[in-house]
Amino acid sequence: MQIGMIGIGRMGGDMVRRLLRTGHRCVVYGRQAAAVEALVAEGAVGTLNFSEFIACLAAPRVVWLMVPAAAVDGVIAEIAPLLAPGDILVDGGNSRYHDAIRRSSALGHQGIRYLDVGTSGGVWGLERGYCLMIGGEPEAVEMLDPIFSALAPGSASVVPTPGRQQKGSTAEQGYLHCGPSGAGHFVKMIHNGIEYGLMAAYAEGFNILRHAGAGNREQVHDAETTPLQHPEHFRYDFNLADIAELWRRGSVIPSWLLDLSAQAFANQPSLEGFSGRVSDSGEGRWTIAAAIEAGVPAPVLSAALYQRFSSRGQGDFADQLLSALRYQFGGHIEKPTAKED
Amino acid sequence: MQIGMIGIGRMGGDMVRRLLRTGHRCVVYGRQAAAVEALVAEGAVGTLNFSEFIACLAAPRVVWLMVPAAAVDGVIAEIAPLLAPGDILVDGGNSRYHDAIRRSSALGHQGIRYLDVGTSGGVWGLERGYCLMIGGEPEAVEMLDPIFSALAPGSASVVPTPGRQQKGSTAEQGYLHCGPSGAGHFVKMIHNGIEYGLMAAYAEGFNILRHAGAGNREQVHDAETTPLQHPEHFRYDFNLADIAELWRRGSVIPSWLLDLSAQAFANQPSLEGFSGRVSDSGEGRWTIAAAIEAGVPAPVLSAALYQRFSSRGQGDFADQLLSALRYQFGGHIEKPTAKED
Amino acid sequence: MQIGMIGIGRMGGDMVRRLLRTGHRCVVYGRQAAAVEALVAEGAVGTLNFSEFIACLAAPRVVWLMVPAAAVDGVIAEIAPLLAPGDILVDGGNSRYHDAIRRSSALGHQGIRYLDVGTSGGVWGLERGYCLMIGGEPEAVEMLDPIFSALAPGSASVVPTPGRQQKGSTAEQGYLHCGPSGAGHFVKMIHNGIEYGLMAAYAEGFNILRHAGAGNREQVHDAETTPLQHPEHFRYDFNLADIAELWRRGSVIPSWLLDLSAQAFANQPSLEGFSGRVSDSGEGRWTIAAAIEAGVPAPVLSAALYQRFSSRGQGDFADQLLSALRYQFGGHIEKPTAKED
Amino acid sequence: MQIGMIGIGRMGGDMVRRLLRTGHRCVVYGRQAAAVEALVAEGAVGTLNFSEFIACLAAPRVVWLMVPAAAVDGVIAEIAPLLAPGDILVDGGNSRYHDAIRRSSALGHQGIRYLDVGTSGGVWGLERGYCLMIGGEPEAVEMLDPIFSALAPGSASVVPTPGRQQKGSTAEQGYLHCGPSGAGHFVKMIHNGIEYGLMAAYAEGFNILRHAGAGNREQVHDAETTPLQHPEHFRYDFNLADIAELWRRGSVIPSWLLDLSAQAFANQPSLEGFSGRVSDSGEGRWTIAAAIEAGVPAPVLSAALYQRFSSRGQGDFADQLLSALRYQFGGHIEKPTAKED
């Protein structure tokens, strides 16, 4: 099957590769000539402007966007006039699901079928396959089945779920039509929200292990500082790399993220290459926004998100006010900012 | 190698089975004659009182306890006088790690070597193997290596970690000497703390998906109720079983707990067999207590724990005070307690 | 000065009363004839439809809305065509601040000046005065100064802030022009967000006091239940009414909400009249939504909001999944749902 | 009445002053000769060692300790042998309530009556009076009534609570016998736990206001950064000093802590004198520990505590692991650490 890919960076490029390897024909467009050439060398048809790109695609066209969320509307504004009724436009990036509802309605007036496809896999997708969460009209979804099937990991990638009846659902292959427009990005949004929570759970646990030797540092005794009640309980010097490795087997908490934690610690046991300024790319925020609008509690996912905001200094002013208040009511002077341990 | 097991319930019984299957000799003690008999039928030596139990073990004895945390001190009080210097006593249950420090010191005066072994695996351990987190003196740990090795999953159970140098560490087999007394239960404690966080992350995510149809219920318009700003954003009816299955492949969030979620939804898509009163067995609490004593933030793990407390009605009085305050300052009358969705 | 009030329920009615008592002339519109008549008896001009209402107001008209947020757009749609350039329209309710930005722009095209006035005071406002947070064009704000001044508590209501230089700011009177359109409702939104946090802080504290006798109930000893490590630490039977009263004097935590807590406990020490189903009226949600959009951590305010969602059963499905998972990995059966204490 | 005070720092010194001004006789001991001399100049009897101190007190002696929590056991070890049956020892500092239970039992064997008195008031107590939360035997509490009454603010300090029946309780004076040993420090612990929550609620709210101009900075458009969806919603430049002042009147959130916030902003609108490294002195931690042991949710109070830990860099390693994981699965490189706004 033929597909056109706009955006051939980290994600888009590897998706094209995976499609080429499974015999699909890919037309690619990207801003970086080098990236285009690299894919051409692997069998893609390369194009450097949209009209050329569209001209290379046979009707009904399939155009897949893998561009930053903030760029999608701009690309659609340029590409939509070049499309014809019956063409399918896929947003495989990390757009907010609201946008899918709006866009599919707008493009529908033109006869263009719009699909929102939450795509997970990162730099590992080429090898592992991509998990695809799909929203939109069933007919368009069905038409793209060969593409989804090629991108997805396939059923052999994990052991079957005991007791599961719906054998035959594409969920077992790693792709799923989740519902009408927006459903794909909604499910991807929640996926990322969960991801934040899982990451934070491991991060907090390893951080406590990392501080388990707090009883070995000298105790300060003044009215400002809480001494450890039992320094003898905090005299451990744990090997985090070994513990991450250990938990991968037979415990309750093995996961792909734990595998990656084990790799991170194997590479660099004290993670000194990272400053701890953690970005967030939108879905975590939208997950919380959705939870709040629906009136559903999400304390764990929120705490995970806020930790990232704080890591970027966005809570500093709040902390300053706390210090100012402590000074106001108790005459407490801030302690110097040296780290505790 | 010979080992004596006290406590042959869900966990202890299966551990004995796994040891028997790998050629070890097991003497067992349990309160339930039927449980003892079942293991005798599989090759264990059964005993019904402690003196008989001790008499069946050759010196230096290895006695492994798999009893509830609250029962450990009582059993030790009975069994310790029957032990001899050089014997090894293992607490494989979920004791607080403080207790291991205290007990190993007390038993050390008697020449008894005490190990704390955090044991993970649940009802799946017989088949998957048990993840063992071990604390105590190196000599005793080394002596028990054949036992640990037999209980653990072994290195073939998961793919090797790329870049990991310490090949040869037992972590790759699924057991690890984590440090001095208490280290095993400390690491198990953190394991369970993380487990709570992971479970809550999935639970919150699936709960938001479960409420994604909130826009389909009728909106109430009064000053007490926040209407959905955009009901058109909440019109999804997701198949949670399929989504759980989907995420198992190629996404960022596959894990053993996700596998189990997929099984739970496969068995019962709406989980109607569960009321949602969630127990907690101690380690989650101790994780937070440790974090607080060491002055380390753990917002995600705490939120996960508190959710469990709330699920048992332990926050109800706080909620009543909120309602009372709203009545005091705003004359707000509580809405009837019907669920929203 | 003359003002027209649309919406004369709990808040609007008392605001009219306070204005009448300070010599202002009020034209009122309300759906309930009885409410209109009551205010007429106190000196207001009563009207029962919008054209009559408008006809009673002299140009440039001042129309103040005190209606539920969800009703504001509807009222504006009806009333705006009856207004003339130069008229001032005030939304004193709990609208989202986004709406003020949108409405002031739309109405501005008609020459109508739109102010968003966050109004705090509840059932106590008639006596204490109302705290007014004002957004919009300075000229219109200035024109309404006599009204704001009459509604606000005035500077004598609390002691002056030592060290404060800006004497003369209306903040000392209890009303403030906070900025352009939306600023008033933004500040009111944050006010309510903080309110949720404060309420939750007291509620959690009193709830812990309420459970301080947990050591007096019988302890259960099984692998599912965490026994109290030190029941002797939880044998208190605190008088919450006395403690609330006590803290009102000389402590760090006196507040108006603590005064109200003391009243609530004085009325009903165990709050048995309240079920604990806590409503939320929007601003708390919008506060979190604003924090998330701006990338600012707000863990305390979020936790307070989520507690309210949970109190209404919105987290139950998450809890059910936790129970289902515990059953899957550990064979744990849910304990009966009796409350613990 | 005569009282001996050990520890005449910020708190103890002013308490002696307040007692002297109300006609009580005070014997003081302190390590700093200058502090002793200052109080002698105001009428106290100064002593420089414990035997002199004890010799100056008439039996039955009343000895009040105002020393750091970590120093209390040391002082008791020195002073207890000098006391006689019937003497009263008061710990007015911030000890953990567990210690009061232990100490009152130990000292009881000697016939010494031990009271734990949680004391709130900070640098303002001399003027406002101290809020006293008292635990111990009723007889000893009664004997000290004149002292408690002199230290406390008295009933005139705030308006009476409508509907309160127990007129005559000392709670109206600002001191209260809360229960048996430990009850005083338990209630003080919860007081401080609530204090943390209240402070954090204000701090988070003001921090959001502080970032309400985020839409005015230039937006970055890449896959790593979430752009503001609606920059036009974040164009405010709020005057925090005026808003703090405003809320003191007629709103739902006036409090003593808000008064102090207004003072802090009046002194320094951008709080530039504070770095935001926030200490915690123990009671906040113990509050959470108590909540956890009793199985009671305290998400708000915990979040407030963790924010302080994070402000001291105690969560940095967790953040580093998050960055390491993002790099592992997505090839995400950390953004430079410049603050966002």
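A, B, C and D label the chains in the order they appear, each numbered from 1.
The rule we apply is simple: a contact is a pair of C-beta atoms (placed from the backbone, for glycine too) under 8 Å apart; a residue touches a chain by one contact, two chains touch by 3 or more.
Owing to the predicted nature of the structure, the values given are computational and were not obtained by experimental measurement.
Shared contact partners of chain C and chain D, listed by label: A, B. C-beta contact counts were set side by side for B-C and A-C; B-C has more. Most remote chain with respect to chain C, judged by CA-atom centres, is B.
Rounded to a whole number, the gap between the C-alpha centres of chain B and chain C is 42 angstrom. One inter-chain figure worth recording: chain A and chain B are separated by 28 Å, centre to centre, where each centre is the mean of the chain's CA atoms.
With centres defined as mean CA coordinates, chain C is found 37 Å away from chain A.
In chain B, the positions touching at least two other chains are 122, 200, 202, 204, 207, 211, 226, 229, 252, 256-257, 263, 280, 285, 293, 295-299, 302-303, 306-307, 310, 312, 314-315, 318, 329, 340. Against chain A, the residues of chain C that register as touching in their complex are 252, 280, 285, 288-289, 292-293, 295-299, 302-303, 305-307, 309-310, 312, 314-315, 318, 329.
On the side of chain A, the complex with chain B involves touching residues 97-98, 101, 120-122, 125, 128-131, 133, 152-155, 157-159, 161-166, 169, 171-176, 178-180, 182-183, 186-187, 190-198, 200-202, 204-205, 207-209, 211-212, 214, 226, 228-230, 232-239, 241-243, 245-259, 262-263, 266-267, 287, 290-291, 293-304, 306-307, 340. By the touch rule above, chain C contacts chain B in their complex via residues 9-10, 68-71, 94, 96, 122-124, 199-200, 202-204, 206-207, 210-211, 219, 221-227, 229, 256-257, 260-261, 263-264, 268, 271, 273-282, 285, 299, 303, 307-308, 310-332, 334-337, 339-341.
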